[in-house]
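You will see two complexes here that share chain A, one where it goes with chain B and one where it goes with chain C.
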Partner chain A sequence: MNSKIVRIQQKMAVLGYAAHLLRRSPLSLLGMVIVLGLVLIGTLAPLIAPYPDVPYPSIRLNPPSQNHIFGTDEMGRDIFGRIVYGSQVSLTVGIIVVLIAMSVGIPLGLTSGFLGGKVDGFIMRVTDIFLSIPPLLLAMLILATSGPSIPNMMAAIAITMWPAHARLVRGNTLAIKEQSYIEAARAFSASTTRIIFRHILPNCLSPIIVQTTFDVGNAILWASALGFLGLGARPPTPEWGLMIATGRIYMPIWWWCATFPGIAIFLTVLGFNLFGDGLRDILDPRTRR
Partner chain B sequence: MKAVDGVTFQIGKRETLGLIGETGSGKSVTALSVMRLIKDPGRIVGGKVMFEGENILDKDDAFMRGIRGRRIAMMFQEPTTSLNPVFTIGQQITDITRWHLKMTLKNAISDAIKKFETVGLSDVKRRLKQYPHELSGGMQQRVMIAMGISCGPSLLIADEPTTSLDVTIQSQILGLIRELRKRIGTSILYITHNLGVVAELCDRVAVMYAGKIVESAPVMDLFGDPRHPYTQGLLASLPHYSTRTERLRTIGGSVPDMIDIPSGCRFHPRCPRAKEICIHSEPELLQLDEQHILACHQCK
Partner chain C sequence: MIPTDPVLAYFGEQAATDPATLAKLRHELGLDQPLYLRYIVYLQNLFRGNLGWSIHTSRPVLQDLSQYFTATLELTLAAMAISLFLGVPLGIVSAIKKDRALDHFVRIFSLGGISAPIFWLAIMLQLLLCVRLGLFPLGGRVDTMIALTSPIKHITGLFILDSLLSANWAAFISCVHHLMLPATALSYRAIGLISRISRSSMLDVLGQDYVRTARAYGLPERIVVYVYSLKNSMISIVTVVGLTFGQLLQGSFLTEAIFSWPGMGLYAVKSIEFNDYMPILGVALVATVCYAGFNLIVDVLYTLVDPRIKY
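Moving on to the complex of A and B:
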């Protein structure tokens, strides 16, 4: 019983320390608030959006007012509601893309770094190929051949992101595999697979977590860019980039159609970047007690 | 470049063999070779490693994985860096027992508690959930010992386990090893450069120089009647109560770089008894009497 209390105290101490670090950096706190807010909005979207995402031709292009705080778009849909539903799209895309990139990039990076030699050389050349093509171009090529849709877009963005994960993990692996505890693990007969996934991977987690956070923000940005170009979400999906594309022609008079989605994208990516910065500081071993 | 070139020794059941040598003499490489843990580009080029009647150099990886940690266990010099920093010590020892002995988690945990108590850790249940950096050096080394004996190995290889600890802790750890040895009956290959530890702990001693064994004898015989000039030099350099006012004795020169070994007897540049023959031909390891082996031209 005593040990349970001690454990809880230990965990609270860690959280308290993290909170202390966040307090020192109000920007990362802001980032965290934004990210959490976004997740909250996305989860509770149907409860928050005041009107369903349906055209009301009689109230097209109404400016922001009490009834419609962000105004209505060219089809008479409430923009605030569309942004709220759009957060679901963006978050889903961001998270799934990063999950795919991680599940491809991390094992490849670990294997490459640990085994070295020809395997390493081969995998690195493959990542070189992907990294040498501008990501937007690569995504456009993929979507041009496979056809624009949200799932295809997610695959395309993930393909542009996995090499960075692989390289990151490979670098960490190279450093960690020289450590004594890896040799000790071998002396206790851990197999190669076991060493890679149970000993090396947990020691690389910090940079992976930081990179992942930045990547979610980036993925959302890319999704918006591709949506803007018409290569991602198709109408009438309430995707922010798509909203900017359709609202663009109504600038500058009916400015609310394109501006609010733009602000949403901006705040979201900013939030993830600030949060990532904060995480990096917390996880940096040099700032540890 | 051969880090080890001509090493022969035996360890009997329940016997403790000390392997002494200076840094660079090839002691650690010898130990790693026994467990076939030499990393690329290093290789074992020849010879045999007979373990319980079988030459394990011929065996495949799967066989070695069954041996390492289970029938031959190794303890490393720096316990701090030999423990994975992101797992609790409870997790690390149960990893081993669950893998080798196929214990269930529950059994592994209660076994871990027993093992940690055996090695003298206090407040064991709480310690299971602690991370290596929360423990002192002495405690970490005890954890390593517990991990080493967890599967009941026939041979324990201890690579300078007390070198990084202070003297009082060192004495505790040695006491622990003695006690465990009695209880478990494991053979020990104890590698060190500390002659005092060897005298306290070992049954027999082998002295290594520049990759070769130059003398080997039961501990009393070696300390009482050292024959090889190198061994004699080592023993003479130990500070003694009666020589408090004299300068400490040393062996002139320094250990050769293994890339550029001296011809003939490797010790000849530093040997006070070196003669013509020592420069040209390497002395063989000869049986001096029943237990005493020696490689020197000048000592017959």
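Moving on to the complex of A and C:
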């Protein structure tokens, strides 16, 4: 009972120190607020959006006003409402892409780092092939052949992201597997699977969490870029990149159609980057600046 | 739904009406062959310098790429120059003035760079600097009147270099004027990346014992920073410069679409619109070769920056 209380107290102390570090960095705190705000907006989108996402031809291309704070687009739809609904699309894309990349990259990285030898060489050469092509170009190639849609876009971006995860996990695995506690586990006849999942993976989690946070922001950025090029979401989906591509046609007179979705992308990615910086400071003291 | 069938892209939707015609057309294009055979045929053509035919330009892909490649190279190199010229000093100054106002400004500035979508930034710069203030042209590589009255002599394909070599000053000024805004928009993200890594690398080196010793000896701060510290932080900076080239190359695809810059990026985007596969493959091949080549140059630069590294 006492040991349980001690463990809970230790965990509370760690969380308290993490909160202290986060409070010391106003920018990281801002990032956390932006990310949480985005999650809240995405979850409560139907309640927050003032108008349904349907065309109203009579109020096409109206400038920002009290009724429509970001104005209306070429179909008379409220831009603020579409940005709110678009946050659902962006968050979904960001999270699913990163989950796919992690589910491919982490096992491959662990296997490559732990087993070494020819297996390591083969996996690393495969990652080299994927890393030799600029990611956006690779995603464009995949989507040009598979056709533009949100699921295809998520798969294309995930394909470009998994090598970084594999490399990161492999690097950490190589460092951790030389530790004496791993040797002790082997001496106790622990299986390879147990060593990897019980000892190595938990100690790799910190850099994975930091990388994942940055990658969600990057995935949202790339999804908007592909949407802008017409390779992602199709109309009338309220995807931010697609909104900018459509709004660009009406520049410069009806400037609000392309401006506000861009600000939404910028703030979202900024939030994830700030939060990722803060997490890195908490989880890895060596990189604290 | 946009069709992605190359037969329909080449011959139009009417080809789909008759299955016999569709099969015959597939056979003519070699699309009924197994994938590995088609790949071997592609490689054979590649070694003969045949990258295929472009539907929307009605020209060989190689001819198109030789025209558009230099435009992309010019834009990318200009953006790289701006990124290095601004990013490295900003990172170094930020490290030296750690936790002061300048450091906070540089960190926010560089975070903005890596967070802002390039295509949106390019549109906003166009709106503000081209339309509202009239300081820069909206797009293109050179002023149309200058291109007609004093055309640039084709030497390398890089308009700025060619106009300089042929002493065509009107064209030179026009080309620089047209290049400034696209290159600036493209470089902002790279400036953010380079300044962050430069700052981090410099802080690592400035925290070393030998730097503390140098300061304890009473050496001036500028000697400590620029003679003892800077060179040792260059390995990380050179690494990120190599990575940045790939970022700039893919960013140029978006920038070219905004500024109507007649480069590979715009060519690739139009090819995707027309489901024109051969140009897309050609662009991917050239971009990958450039990316790999630049990383090779970076690997060689390591040996210059750190003599301990030998291959």
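Just so it is clear, the second predicted complex is superposed on the first by the 272 of 289 C-alpha atoms of A that agree within 3 Å, B and C clash if a C-alpha of one lies under 4 Å from a C-alpha of the other, contacts with A are read in each partner's own complex, and residues count from 1 in each chain.
Here is the rule we go by: a residue touches a chain if its C-beta (ideal position, glycine included) is under 8 Å from a C-beta of that chain, and two chains touch if they have at least 3 such contacts.
Here the structure is a predicted model, which is why all the values come from computation and not from measurement.
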Identify the partner contact of A:Ile106: answer first if only chain B is touched, second if only chain C is, both if each is, neither if none is. neither
Touching partner for A:Trp255 - first (chain B), second (chain C), both, neither: second
First (chain B), second (chain C), both or neither: which does A:Pro148 touch? second
Touch test for A:Leu137: chain B only (first), chain C only (second), both, or neither? second
Greater chain A contact set [chain C / chain B]: C
Quick one: classify A:Ala184 as touching chain B (first), chain C (second), both or neither. first
Contacts of A:Ile244 with chain B and chain C, given as first, second, both or neither: second
Go through the superposed model and pick first if A:Leu226 touches only chain B, second if only chain C, both, or neither. neither
Return first, second, both or neither, reflecting whether A:Arg7 touches chain B, chain C, both chains, or no partner chain. first
Taking the stated contact definition, name every residue in chain A that is touched by chain B in one complex and by chain C in the other, in rising order. none
Any idea which chain A residues touch chain B in the complex? 3, 6-7, 179-181, 183-191, 198-199, 202-203, 205
Per the touch rule above, chain B residues touching chain A in the complex are 35, 37, 64-70, 73-74, 76, 78, 81-87, 95-96, 99-100, 125-126, 129, 147
Looking at the complex, which residues from chain A come into contact with chain C? 27, 132-138, 140-141, 143-148, 217, 221, 224-225, 228-231, 241, 244, 248, 251-252, 255, 258-259, 261-262, 265-266, 269-270, 273-274, 277, 287, 289
List the residues on chain C that touch chain A in their complex, please. 1-2, 4, 98, 107-108, 111-112, 114-121, 123-124, 126-127, 131-132, 199-200, 203, 246-247, 249-251, 253-254, 257-258, 268-269, 271-273, 275, 277, 280-281, 283-284, 287-288, 291-292
